[in-house]
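Following: one structure in structure tokens, then a few remarks.
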Amino acid sequence: MLLFGVGVVVNRNPVASALCLVVSFVGLASLFISLDAHFLGIIQILVYTGAVMVLFLFIIMLLDLKEEARRALNAWAVAGGAVVALCLVGTLLHVLGTFPKGEATLPPLVVPEGQTYEDTKALGTLLFTEYVFHVQVIGLLLLGATVGVVALSKKEASK
Amino acid sequence: MGTLNGYLLVSGLLFTIGLTGVMVRRNIIIIFMCLELMLSAANLTLVAFSRFGLVNGLPNHHGQLLVFFTITVAAAEVAVGLAIIVALYRAKQTVHVEDLKSLGG
Amino acid sequence: MPAYFLEIAIVLLGLGLLMVDAFATTLDRRLLGHLGIAGVAAVLAGLVFGVDSSASEPLWGFYATDTAALFYKGLALVCTLLVLVLALEYAPVLESYRDGRPGRRGLGEFLCLPLFLCAGLMWMASMTDLLGLFVALETVTITFYVVVAYMRRNLGSLEAGVKYLILGALSTGFLLYGLAWLFGLTGQTNLAAIQTVLVDWKGDTTPLLFTMALLMVGLSFKVGAAPFQFWIPDVYQGAPTPITAFLSVGSKAAGFIVLIRLLEPLLASPIRHAVLLMLGVLAGATLIVGNLAAISQSNFKRLLAYSSIAHAGFLLMALAAGQPAGGVSPNGVVALYLGTYLVMTMLAFAVLVIVRKAGGSDELTAFNGLSQRSPFLAFALVLAMASLAGVPLTAGFFGKFFSLVLIAGAGQWALLTVAVVAAACGFYYYFKVIRCMYWNDPVSEAPPLVFSQLTRVAIILLCVAVVVLGVYPKPLTCLLAP
Amino acid sequence: MAEIDNYHAVLLQLLLVIGLAATMLGLSVLVGRAGRRNAIKDSAYECGMLPIGDSQPRFSVKFYLVAMLFVLFDIEVVFMYPWAVVFRDLVAQNAMVFWGMLSFVGILTVAYVYALKKGALRWDN
Amino acid sequence: MTALLPATILFLPLLAAAKILLLPKPMKGLAPAVSVGSVVLTLILSLVLWAKTGSDSTTVTLGSWINLGDMLQLNIGFKINALATGMMLVVTFIGTLVHLFSLAYMKDDDGKARYFAGLSLFMFSMTGIVLADNLAMMFIFWELVGVSSYLLIGHWFEKNSAAEAAKKAFLTNRIGDFGFMIGILMLWKATGSVTFDGIESAVRGMTVDPGWLTAAILCIFCGAVGKSAQLPLHVWLPDAMEGPTPVSALIHAATMVAAGVYMMIRVSFLLALPDAATAAHVIAWTGGLTALFAALCATQQNDIKKILAYSTLSQLGYMVMAVGLLAKEAAFFHLFTHAFFKALLFLGSGAIIYACHHEQDIWKMGGLARKLPRTTLTFLIGTAALIAVPFVTSGWYSKETILHAAHAHGGLLFYIGAGTAFLTAFYMTRLCVVAFLGTPRAHGADHAHEVPKIMLLPLVILAVPSVIGGFSFFAGRFLTLPPADHDHASHVPMIASLIALASGVSLGWLLYRGRDRDPVRISLLARKFFIDELYASLVSWGQDAVARIIHYVDILIIDGLGVRGLSGLAAVVGGGLRRLQGGNLQAYGFLFGCGVVVLLFIALSLH
């Protein structure tokens, strides 16, 4: 998965980058599922791979973007980016080194007798009781985005 | 790989990869994809933390809900962002960052 | 009336206007603006007179209705009101950069979206859990992407939109990553619960510091603090001017309330000194960058952008003091500062909108000889500039003064020195505008400056507010108590 | 029994799809090596007309506009899965589940009606 | 007494100004009525206030104003005593007459509403200065009178000279006000209070460092120097005559310029401290020199309003001198009488200018005594008061008290005062002889006709206090007269001023009777000692100097470092910030990343 992540960055062809990203997201979803977050894993695939990445590919193909292949990479940017990335990784390793809780291995889930762990149900319950207000905010966000997409893209009839 | 730190490391690396892409690439659409990668990496951190920090023996669903919200928010962001990028492309026939020079100084 | 009715009212207003816009094809879109203004004013009246902040909702642990929340809600409402006034004034410019039939060029949406932004800002003021904060913040940010890029036949606007989009998403990434760590370290999403965990934090503080730095990155971007201020000049310059005003006031205020809310648990934790030091570093860098880079600007919008950075520096400085001094608290000073900042910045943008509409340019040269073309506008802009510079007896004075008092009280002399030098620099570049208006001759055949009666009333009220708050800051000083 | 079993089919299909895609991509690279493009090959043959301008026609707005709107409304549907799962159990004790979803859908309906009225979903014209 | 009455007096004009501004376009015609109504009402209320106060001195508060915790607690308060009520009467009385006069004078002006709004705003701010019980509040109103004066001087802003004069007045006053502000802060630092009562009790109770005290007083005096147009900040007042004449009468002759003197009288308890002797000296000398200097300038001016303006400067010099000589009663007495006769003179000159079709040059007048007999008569009464015709005019009494004080103090100041009195008599005689006698020398004067009654009425009314204002039965009601020390009083001042008067008048008469052109030409005086030119060249020299310094700094940094092979560094220093902000999104992304790294390192190093 990480390799495909790198692939997104190093591929000169946008389509290839996008496909790498798809694979990366699928890998991420499998990690979610390995962490017992089944619902999120599925959503990740449905939304990201199913909708978002399709949109990306759609746009890339529509715009016919192969131009960057002809442009040289900025060596300074690459070098600088690499340095910054290395610094970040170093920092991360340092932080993780001081994080004793991180050594824990996956603890088993404790499910009460006679029940099954259904995370969709648990999340749904939480979502529509405690966080029902947040759902409305998301609704407004989607509304704003819809209006924005239409206003930015729709050509008004010029008659 | 089974430890919390393993997951955190993976997500951190993914995050860094995304950031590097943002810094290095010049195609706005690819930059945007790298940003999505960063958001997903943060999501992985959240899921890992919520799975390892059990509450009554079950994962912490608050964290998972934040992931859920993030995914939806990110999708909306992609829609709006691509709309802007396409509008830019239609006006200027480019999606390369170094062609964006009309502001600055 | 509980406080959350206000947001509901604003959302319903926005939905209603949107539907009117969708169905009434022949209606003059300006009417939408006037309806919006009236509605926001009504909600504002509701906030001032009708809110029962003691009506608490026991189920809602994430929704604060304290004084600060109500104040920032009021700020968002006032800001939206003025932005709508400016948007109406700006409509001809906006429509010239959109296509379609006259009157059907997207003005309707442009007047509705600020209402949704307003609702998002008001929610941000109240949210006290990580999920709520994130969702409200993103609602605002994504809607801002849209309105910044709104003039889609103007390259500047689109470019600003793309830059804001990329850098904004980048900062969102860091913020989310920071939130993830904060959640991971504490296992809580409610800020109050997080605070109780952090107060007795026992282990190594390194992960905590890491988290703090990530959060700072995300929030520094939102409030426009160096070194994450790069987007501000470009985006401010390219965005439609009313939106620039909204960004510089509403977005910044919301950024600060989130910053304050997120810092509260961290300040109670063992890394308090690190948080304060970090704030101090950010404040110092921001002050330097904002003021030095502004000196050589020749574009008025960019000048205001750097001014907004500089003000963020003063605000951060107040927070960096960390402790009350002389009877004023950091959070109170930030609130007071933002209140006065709203008035003076809006005044400057109002004049800019009018000058831009007439002259077609945001450059400083467009203001040449304004004192002869319109003494009224010139006078208003002088007030705004004096206030932004922090001249005594204008609204801008007290914010700066209290920030300096706080930082002196905390004994951070290096930062104090930087701030004083920065304030002195500020005088210079604000004066540059005044010099343009009063000493330079206007361009020959400069077009007449026309503006609506509504805008005139707004400008007069803002002028009065600048003077009155400079002389009688009582309405705002009640926020100061520690 | 873990809930993962519900998703076995999905996973299986996913693996199949990925495998198929990877195989096809890999094969095309392997097989197509001989036909790799180069500048001479890409240019017009002999006296053919040199292509002028972009080979692709100006694309229409409506394609990607619909695609973007699809993404947005797709998210709305995502909210409905957990809702459908918990609705029956929860609605008895807390009517908020019902009203919350109603108002969420209400807001989104406004968005839909708006897009409809603005002609964003029309294919003609 | 409650704060209600003074608060009403204070806010009535503000209400009027706001009302005028908010009147819709078609109702702008109501503006004069609103303004005049408010000022008349204020006059009546001031009389009530004066009657109620008597000789008491009280401080009343309207409410809390600034509450900065431990640092400063300040109320909106009024300190009401005989001084304040007397000043209020002067301001409102003359204000009323000027409003009436303006009704006719500004009848055909397009910006009438703006003008009356400005007048009302001025009345509000002036009332604030008079009633304020603390320096901070006074300072605010001080600034506000500055603004209203700016607006009124620049009323005809289309006229370039008016706009320039307004700007000059504003900027010059800012210099003084800056000093004033510093002075207030110094006093606050020294005494912990900014109220008059608080400061007074504080300085009584403890000793303030003499140097600090002197500096504070002189800084505060800076404010008075600016507002009362004393040397060297006097340059704005003559130019301020570009404003409408009634404004000159009200603001730049009778009331606002006297605010500086009034303020110094309010804080005169500071001057009385033994440690403040040096400061008092400086003040007295500033006043004396201004008096002499302005009188000299006045002798060679040709514009009737400029002559009066310099005469105002000179009389203000007298008052400031009296303050410096610790004769605050004398100073206020002269302020009181001067307000009446100078307002009379200015309104009279306004009437003359109006009658002569806006002609201001006295050499283009002549023979006006026959054309405008009534105006002439009132103007002569004012002149008599100004040159202090003995026993029958108000000016005589008040000027006598100042000369007495100067004489009692001894030294050169007395002679300066007497010399100024001589010059005053001389230039006023010159003015009257040239303008009123002889034959009309220009078309405007030839066709002059008597002014309308509404303009004449204020003149007649003002003539009365110009005459009787100095008699103790009248003045004594309104203010504390200087202690009449008849036993020890020397007759020297009286004799000196009689001689000055007689010689001045006769010299003027002899020189100017029947002349068509000025027989004396002293360009040094006509050009006002070249001070304007000096300032202009100073300012431009200063700008050059700053430019040169910047240039050298540039050379020093850019070239200096370049020579040492560090040009790369210099380039970063010079254009660095701007270059970073080059508009390249990728660069921003990269810098963002760098910022993240820096922040992370700082954070983790704080471990």
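By written order: A, B, C, D and E. Residues from 1 in each chain.
We adopt the following convention: a contact is a pair of C-beta atoms (placed from the backbone, for glycine too) under 8 Å apart; a residue touches a chain by one contact, two chains touch by 3 or more.
As the structure is a computational prediction, the values presented were derived from the model and not from experiment.
Considering every other chain in turn, the ones in contact with both chain A and chain D prove to be B, C. Taking the mean of each chain's C-alpha atoms, the chain whose centre lies closest to the overall C-alpha mean is C.
With respect to chain B, maximal separation of chain centres occurs for E (centres as means of Cα atoms).
Summarising the inter-chain layout, the chain whose CA centre lies farthest from the centre of chain D is E. Centroids of chain A and chain E (each the mean of its C-alpha atoms) stand 71 Å apart.
Chain A and chain C have Cα centroids lying 30 Å from one another.
In this assembly, the C-alpha centroid of chain B lies 66 Å from the C-alpha centroid of chain E. Look at where the CA atoms of chain C average out and do the same for chain D: the two points lie 36 Å apart. Among all residues of chain B, those that touch two or more other chains are 15, 18-19, 22-23, 26, 28, 31-32, 43, 48, 50, 62, 65, 69, 71-73, 75-80, 82-87, 100, 102-105.
The set of chain D residues that touch two or more partner chains comprises 64, 68-69, 71-72, 74-75, 78-79, 107, 110, 114, 118. The set of chain C residues that touch two or more partner chains comprises 11, 15, 18, 131, 135, 138, 142, 145-146, 149, 152, 162-163, 166, 170, 206, 210, 233-234.
The complete set of chain-chain contacts reads A-B, A-C, A-D, A-E, B-C, B-D, B-E, C-D, C-E. Interface residues of chain E facing chain C in the complex, by the touch rule stated above, are 21, 64-71, 139-140, 143, 154, 157, 163, 167, 181, 577-578, 580-581, 583, 585, 587-589, 591-592, 594-596, 598-600, 602-604, 606-607. By the touch criterion given at the top, residues 2-5, 7-10, 12-21, 23-27, 29-30, 32-34, 36-37, 40, 43-44, 47-48, 50-52, 54, 56-59, 61-62, 64-65, 67-69, 71-80, 82-87, 89, 94-96 of chain B touch chain A in their complex. For chain D in complex with chain A, the touching residues are 1-4, 6-7, 10-11, 14, 18, 25, 54-56, 59, 61, 63-65, 67-72, 74-76, 78-79, 81-83, 85-87, 89-90, 94, 96-97, 100-101, 103-104, 107-108, 110-112, 114-115, 118-120, 125. Chain A contributes residues 91, 94-95, 98-101, 130-131, 133-134, 137-138, 140-141, 143-145, 147-152, 155-159 to its touches with chain C in the complex. The touching residues of chain D, counted against chain B in their complex, run 64, 68-69, 71-72, 74-75, 78-79.
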